[in-house]
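Read through the structures below before going on.
Shared between the two complexes below is chain A, which pairs with chain B and chain C, respectively.
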Partner chain A sequence: MTDHILSQNTPAARDIDIVRSREARRHRFNAALRYALLTAVGLLMLYPLIWLIGASFKTNSEIFANPGFWPEHPTLDGYIKGWKTSTPYSFGTFFINTLWIVIPKVIGTAISCTAVAYGFARFEFPGKKILFAALIATLLLPNVVTRIPQYLIFRDLGWLDSYLPLWVPSALAGDAFFVFMLVQFLRAIPRDMEEAARVDGATTWQTLIFIVVPLLMPALISVCLFQFMWTMNDFLGPLIYISSVDKYPISLALKLSIDTTEAFEWNRVLAMSVLSLAPALAVFFLAQKYFIDGISSGGIKG
Partner chain B sequence: MSGDNRFLGLFYLSPFIIGLLVFTALPFLASLYLSFTNYNLMNEPVFTGLQNYIRLFTNDRTFRKSLWVTLIYVFTTVPLKLVFALFMAVILNYKLKFINVFRTAYYVPSILGGSIAIAVLWRYIFADVGLVNMGLTMLGFEPVNWFGDPTNALFTITLLRLWQFGSAMVIFLAALQSIDKTLYEAASIDGAGKWTSFVYITLPLITPVIFFNLIMQMVQAFQEFNGPYIITQGGPLKSTYLLPIYIYDEAFKRFDMGYASAIAWVLFLIIMALTLIAFWSSRHWVYYAGDKRS
Partner chain C sequence: MARLQLRNLEKDYGSFRAVHGINLDVEDGEFMVLVGPSGCAKSTTLRMIAGLERVTGGEIRIGGELVNDKTPGDRGISMVFQNYALYPHMKVRKNLSFSMRLKRRPAVEIEQATNHVSGLLEIDPLLDRLPKQLSGGQAQRVAVGRALIKKPQVFLFDEPLSNLDAKLRASMRVRITDLHKRLKADGQQATVIYVTHDQTEAMTMGDRICVMRDGHIMQVADPVTLYSRPANTFVAGFIGSPEMNFLDGTFEGENSVRAAEQVIMLGDEFTKRISGRSEHVTLGIRPQHLRIVAAETPGTIKGKLTHIEFMGHEVYLYVDIGPKRLIAVVPSASYDRGALRDDWVRLSPDPKGVHLFDRQSGENISLAI
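Moving on to the complex of A and B:
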């Protein structure tokens, strides 16, 4: 019976086969086209970075003559002289300064944003709606409008030319975006475990540290990583607040290097650029999952 | 667990409340006040009424130029970046191997792009004999005078931001991947082609994300500072002298805090107005799932 039907339908079956193989061919062609386009765009995107790495090992005369990656006469000149810089300090000083800005800022951000997000997501209190609206308003408020009075406040506090103006606002949950992201994340976590802990006599503080923080970890790591990246890249903050060269972070040191005598020592500037990008790149590749997750769940600017 | 103490929540919020008052609310109001004063850091602010604003709009060619350049920059960069990010997300949203490799590769510029190192790199690759012109010459094109020509100079900064399409693309991609595939099957049975499906299914379903990206990119573009400050220093002929640079120069080079605050407020009001227009118009074009309207 089955055979009979099959043999009767042979022409139709053949048609289906033809259509299928045509579809498969179209699918393969389509995929090939996509791969070609994706690869081309990818190369175009990454080539400036690849070239940068190669160029940092080139001689100054080769940088503006050789569009290729491989240096004709590889040299470490750029790295050795660039590290010394034209200032009395080595580039190592600027690296340490950068870390000295970044690390306390990341820690302050993590602690304050967690506490504030916990407050918003788990408690009812007078004025909650207004405060949450204020959080969203801060999120949309362009920094440009608060920058000048902030500078005046820090001047009156005697904090100019120190890292305090860079640390303190973040330690007071000033990056509304991170608070918002953690609140969204917390709202999606069931409260059963916290309630059980409370019934067993834990304080809200203990509940936060021993139950909420471990659950919040993935989001918290995203927050730390983004704060790390943004602070490493921050230029305007240090530009306004830091005036002594010995306190300069990498971003200001690089700006200084293109302004001073090193302006014609291109390979030094490029070599130091490579070094200054290295920590961010390393962190990104070690933890890219958290970046992509953070950005697609919370939606991060960038 | 909220019942024990009505104020416990406020305790956890205390860092935010202090920060909000001291570093956001107070500066916000103070800058509005300063914008009506003459204040050069040496003596106390002197209230001068609307004088700063009158000077801005009647007697300041730099401001007019800067405002114009800023608007051109934002209205070219934001749409180009969103369209490109969406285009690449659609290409990536396909059963491809290595999709994660591509996604990562495209995202790298977003991670690094804001840094000074990349701005310095941009200066080098768009120089007269830089990488871009070497490439153009090799392909048989005329080299382009990127930094000498006002139109081109602004475009190098737009290109720097376009290069960072990755973060917007990742958000688009997440939205595309969450669309129910059966919708496309149903449409294809009804005879809809790919383009029709894209316009009538994909686009409406991702409008919330388009809206989000639009607002974020716009607010960010209006505050662009690093790119023009490092790459072109605002030149040539002030063709890349965006408003944030003008504000910085007035405030921290000429120490004219009152006038700088007035410019900052004009910029703020423009951003606010465009954000409000976007929010208001979103009722007509943003579709939210579960919403009966559309």
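Moving on to the complex of A and C:
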């Protein structure tokens, strides 16, 4: 059957077939090459992380003896001893401390930034332009510049060695970047829905809560994720304001295990690092879809 | 009790005046259409009535009550938006009942009202869909339903059909006018203010039509009056398709007008309609009121036939007289193909359909009877 059809083909048609199959082959080859290259670069980028995970199962001496990532004698020693820490507190305390900093901060950020962004994006009030310019200006101001004045203010308020210096600025929309991000997102959403809600009898706050917040959700999830990850990773803030070990978050606790032991137990540090990565990674993968939506689209159609 | 009154209503945007002190009375149960070209402030007027736009000056009264400083929710109005403005994250059911849920009405009452409205608009099968799963026509029906469920004193429609295709627009037009009649028959308040730029919508739907231009009201009248007795050149040109023919000329003697170097006789009947004596006038003749007459009929308009468009039931004839072009629309049956392209023809205006406007003010001066 096939032969029969082939024999009927004109020479031109056969040429076309040859060219087409050559094209297809080249396409496959290109794809293979592309994937090989991407895999190689991807592995290169991920290698430190892979090595970290591998090394956390090694003994302290093997970390320096064996440069590969696969442990020869896998052991949970690092995890068990690392969890106990050299302090009276287990690593669990530090985990709870971290969450105790992160969760109120994320909630405060979400609420305050939404309210402020809504104000800037939807209302006309005297001095709006100047205030918005001031907001953007704080974006450009290096953090370091404000460290000392901020420290002095919080000291005078008697907030040192508490979580208040970490919570309060965020709960008052102190993160200009998030406000800016939400304002931009809101500007792309048509006002009709809010007007329809007002005609339906909603107050300004009801409009914000029932209409604007659901529309803003992708951006809001991004804001929460950013704040979550940045706060998890924040080292300097807790270092400056928290002095009691029982209030330390993970970021400080990891450093602690390097400081206090006479010989550095690297396998414990690495094991705890792996554990401290877990929440951020888990949250990221759970919310990945919204996260990408939020930062890439910047606005949705009505 | 749902009479709407606008008194010297004004709106300024900075130094620009968008609405110039307009006065309008809409009676209880009336279907009033605001129509005009884009930028004539018809939507701004509607948004002021809705309370979405602050009033610069004047008064808005709904049911006799001054509502200038009331919030949109307290005015007893509901509005249908051009792009539907359904809440995208709520199912149709929740969209419909949003206003009732805000007022914390009992669940049973909400359920009943939702079912009643969705039955009326035939959207029952859509109740559990999200707005993005609806077609344009369905979404528009839901938007109408959302307005209906509030049982408002005044319905506001802001170009609700302009996002639909021509066929759907025609059927929605009928649906909305039907709905208006049914609500009235049910004894529900059904005063409607309907904004559109489409004169077909205006003519077919409105009990009365308010023609606007640059923030002024040009004429308020029922469709027949608007068509047969336009108050000025703007209304005359805006209403009717193809557009009315205008010829600048001078008023000569008792019953003739000189225009485009020809004398056009208008007859004694016409002369009786003239009020005022302007010398410089504009002659307005609807294309439907011109017909071809035998050559050398005195007092008719002579011109060269340049295009013939066959439209099925009628024929459009384009006739050049000097630099001006006139359009005549004649029934296909009466067009015998006696005149062909590039022929010289004579057009006779039907004196009943001829209007004379003062060239300076644009006012119609042929409305005496």
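Just a few scattered comments:
One rule holds for everything that comes next: the second predicted complex is superposed on the first by the 252 of 302 C-alpha atoms of A that agree within 3 Å, B and C clash if a C-alpha of one lies under 4 Å from a C-alpha of the other, contacts with A are read in each partner's own complex, and residues count from 1 in each chain.
The definition used in the following text is that contacts are C-beta pairs under 8 Å (C-beta built on N, C-alpha and C of every residue); 3 or more make two chains touch, one makes a residue touch a chain.
Nothing here was measured: the structure is a model prediction, and the numbers come from that model.
Bringing the complexes onto one copy of chain A puts chain B beside chain C with no clash.
Of the two partner chains, chain B is the only one that A:P67 touches; chain C does not reach it.
Once the two complexes are laid over each other on the shared chain, residue contacts for A:Q206 go to chain C alone; chain B is not touched.
Contacts of A:T59 after superposition on the shared chain: neither chain B nor chain C is touched. Shared-chain residue A:P214: touches chain C; no touch with chain B. Within the superposed three-chain model, A:E195 lies in touch with chain B and with chain C [touch as defined at top]. Comparing chain B with chain C, the partner in contact with more residues of chain A is B. When both complexes are overlaid on chain A, the residue A:Q184 reaches neither chain B nor chain C. After the two structures are overlaid on chain A, the closest C-alpha atoms of chain B and chain C sit 5 Å apart.
Touched by chain B in one complex and by chain C in the other are residues 195, 198, 302 of chain A.
For chain A in complex with chain B, the touching residues are 30-31, 34-35, 37-38, 41-42, 45-46, 48-49, 51-52, 55, 63-65, 67, 112, 115-116, 118-120, 122-128, 131, 134-135, 138, 140-153, 168-169, 171-174, 179, 191, 194-195, 198, 204, 207-208, 229-230, 232-233, 235-236, 240, 250-251, 254-255, 258, 266, 269-270, 272-274, 276-277, 280-281, 284, 288, 291-292, 295-297, 299-302. Those residues of chain B that touch chain A in the complex are listed here as 1-2, 6-13, 15-20, 22-24, 26-28, 30-31, 34, 88, 91-92, 94, 96, 102-112, 114-118, 120-121, 123-125, 127, 129-131, 134-135, 138, 163-164, 166-168, 170-171, 173-174, 209, 212, 215-217, 219-220, 222-223, 225-226, 229-230, 244, 247-248, 251-252, 257, 260-261, 264-265, 267-268, 271, 275.
Contact residues of chain C toward chain A in the complex are 50-52, 71-74, 77-79, 81-83, 85-89, 98-99, 102-103, 146, 150. Across the complex, chain C is touched by residues 190, 192-193, 195-203, 206, 210-211, 214-215, 217, 302 of chain A.
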